[in-house]
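In the two assemblies presented below, chain A is common to both, partnered first by chain B and then by chain C.
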Partner chain A sequence: MIKSLDPRITRAEINLENTIEPLRDLDQWETYEVFHQKKRGDQHMHVGIVHAPNAEMAFIFGKEQFGRRGLSVNIWVVKTRDVYVSDYEDSDIYDTVPEKNYREAGGYKVMDKINKFKKGF
Partner chain B sequence: MYGNAYIDPNDKATAMTAGEDPKKLEEFEARIARGEKIEPMDWMPKEYRKQLVRMIEQHGHSEIIGALPEGTWITRAPGFRRKLALMAKVQDEVGHAQLLYSAAETLGKSREAMINDLITGKSKYSNVFNYPAFTWADACIIAWLIDAGAIINQVANAKGSYGPYCRALDRICTEESFHLKYGHDNVVTLATGTPKQREMVQAALTRWWPPIMHFFGPSDKISNHTEILMRWKVKMATNDDMRQQFLNMYVPKIWDLGLTLPDENLKKNAEGKWEYTEPDWEEFKRVINGGGPCNAERLAVRRNAEERGRWVREALNTTESKYIVPLA
Partner chain C sequence: MNQNTTDAIKELLYKMADDLLIIGHRNSEWTGLGPILEEDISFSSMAQDKIGQAQALYVLLNELGEQEPDTVAFMRNANQFHNSQLVELPNGEYDFSLVRHFLFDHADQLRFEALANSSYEPLAKVARKVKGELKYHVFHGNTWFVKLGSANEESHNRMQAAFNEAWNYALGMFEPSKNEDLLIGEGIFEGEETLQEKWLANITPYIIKAGISIPSSETWKPVYGGRVGNHTNHLSPLVEEMSEVFRYDPTAEW
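Take a look at the complex of A and B:
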């Protein structure tokens, strides 16, 4: 048994030569993506992942991991495998025409026409 | 907190890019040179992935094992506020391990595999945590000076090339600044306290000085592939440069408190470089390979925690669980 400087370890009666079976796949569960909101009205921000066996535990771990200091009012968790993602290899799907001012407010200037129209009145 | 990653000096630098597509390699190196970050699904040389996994994983293990010497003093911290602060610090360290393991996972190594490699002794962790914290003052010296060393290392690495590691480090560095202030406050309290307190903190400092000098890893003269790792921005500063930076920032602060360091040759020379007795690298190798005063206990404690918690983890697991590599 380990006689440690740490009384908690001595109390745990640990054999120095203990051997264990290796951890198997999924021993640490799957992952959840965590979204954190600092204050009411802010957008939730993606902050990272936690490993958890279910959503409730993912929430508890997410709260400890990302909400233990600073402001927090809300956390969302969602299974990583439920996130639908686009592939960076396909990022050309976001390509478009370089000139897009037809869908900007600044693309529509009518004062010239109006003034000209008024003058000719 | 954490120590510099230990890289086997026998790895051959020339073998590091063997078999790589020269065009892809050139493109990859150009991206890094432009200051772009490499993200999980991007092409990367095998050796880049391997070194990063090793480094991030070791960093994560160091956070987990580092919680042990400091945790020693939670039950006997002097006063309620210091107990609260120490618990918060230890919780932060374990939280840092979670962030780091997640970053390493994006490179394709599962958390189970990392934990297995830790508890079988295959993966290393920072050598300093193989030494015991004999007194409360040891815990104070760790919190101040080991965390100070860690910050130098982590601030440098946060400017590295791998996106997920940089993001984890940014979050970690913010928290480490509390650790450093907390540690300094503790050391100052002892150093400006009663003669007994001063004696205690001086003894702890003397004990910890050799491990602190080992902290940044062997001298650059010994390592033969620093150059390529620095070009890939896996390593951001040489071991000796980080050691110099540490000495420059902290030796004056130590001397300000009237404390002494157990190295007669320690001084700043006319060129502004610190001179010191070369640390005992044989001792460093002996300890990192399992021969230190606490190696066996640290790993036995981790194995025990994994083993006794296993039934809980298994009971919570569901058959429909399915692991996929984290996204970012």
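Take a look at the complex of A and C:
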């Protein structure tokens, strides 16, 4: 038995010979992604992950892990396995041929007019 | 305010504050030992909330002429505490701690809810302030209680056994005080009997949902005594452990 300065540990009668075995499938809850909103109207932001047996419990844990310091007004939880994740190997799909200023916002001449108009004040 | 009223309010504040301090301490004993990390943090965080609620009430007592909150919390002996015996019982396994948390927090939420309209404004103010915390605590308790009560045979049996063990102690939370009539008459508090009725009505749907059975009412034997300082022999070691550091040097600044 472990004898500790912390009386709770001693009381728990923890056997040192306990071998630690990996959890079986059903003993390990799945994970939920937690998103919180700092104030109403803001976008929800990803803040972390919790283990939980269901969405309600994931909210309970999410609130306490990430919202207990009063930083949240709203929380979303989503099963991790329901999130479609793109592959980093495919990150070249975000590359684009640069010579297409006709489809970039900077290409719109109207900005010049707007800026000119603003300066007029 | 006349002396009788002041005494009645003090009695009410003491029993509420002591309930919260003791259950807060008990629940905090799970810190680092909880079943999983997320629940460990949640339960510990709620335990801190409870200590904070207790402190707010000790501050009110201090304003009514009692000693400093820390002194009141840490320098009394077990027989000077007014908590119900329910909250001083050892944590046991997590099933018992959860059942107690469920039964206590429903009562606590209803008590504060009633006090939000108390004619004793300082207490009404505290009651309104803790509303959100209590809502979360009760939500947490309900979720676990229903989930484990109905999950599988082992969890159900454990929850039912813990429930049976806690039941008469839980009824003891509503030990009538000698000041019931005064508190009701002056619009300070609705009284223990009304509170118990509301509590039963509130917890019953969750108990049904969890598939737990309430012991039949002829067998109910509320465990009274805590409110007047009669406690189980579990309270004294708790108080000693809780106040060990404070008593080592009561004048230390933290």
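Assorted remarks:
The rule is short, and it goes like this: the second predicted complex is superposed on the first by the 80 of 121 C-alpha atoms of A that agree within 3 Å, B and C clash if a C-alpha of one lies under 4 Å from a C-alpha of the other, contacts with A are read in each partner's own complex, and residues count from 1 in each chain.
The rule is simple: a residue touches a chain if its C-beta (ideal position, glycine included) is under 8 Å from a C-beta of that chain, and two chains touch if they have at least 3 such contacts.
Everything quoted here is computed from the prediction, not taken from an experiment.
Contact with chain B, but none with chain C, is seen for A:15 once the two complexes are overlaid on the shared chain.
Of the two partner chains placed by the overlay, chain B and chain C both lie in contact with A:7. Of the two partner chains placed around the shared chain by superposition, chain B is the only one that A:33 touches, whereas chain C remains out of contact. Comparing chain B with chain C, the partner in contact with more residues of chain A is B. When the two structures are aligned on the shared chain, A:68 is found in touch with chain B and with chain C.
In the overlay built on the shared chain, the residue A:56 is in contact with chain C alone; chain B does not reach it. In the superposition on chain A, the residues of chain A touched by chain B in one structure and by chain C in the other are 7-9, 12, 29, 50-51, 53-54, 57, 64-65, 68. Per the touch definition, chain B reaches chain A in the complex via residues 39, 41-42, 68, 71-72, 74-76, 88, 91-92, 95, 98-99, 102, 105, 110-112, 115-116, 119-120, 132-134, 168, 175, 296-297, 300-301, 303-304, 306-307, 310, 313-314, 316-318, 321-324, 326-328. Contacts from chain A toward chain B in the complex involve residues 2, 4-9, 12, 14-20, 22-31, 33, 46, 48-51, 53-54, 57, 64-65, 68-69, 80-81, 83, 85, 87-88.
Taken together, the chain A residues at the contact with chain C in this complex read 7-9, 12, 29, 50-54, 56-57, 60-61, 63-65, 68.
Across the complex, chain C meets chain A through its residues 29, 32-33, 36-39, 41-42, 45-46, 136, 139-140, 143-144, 147, 241.
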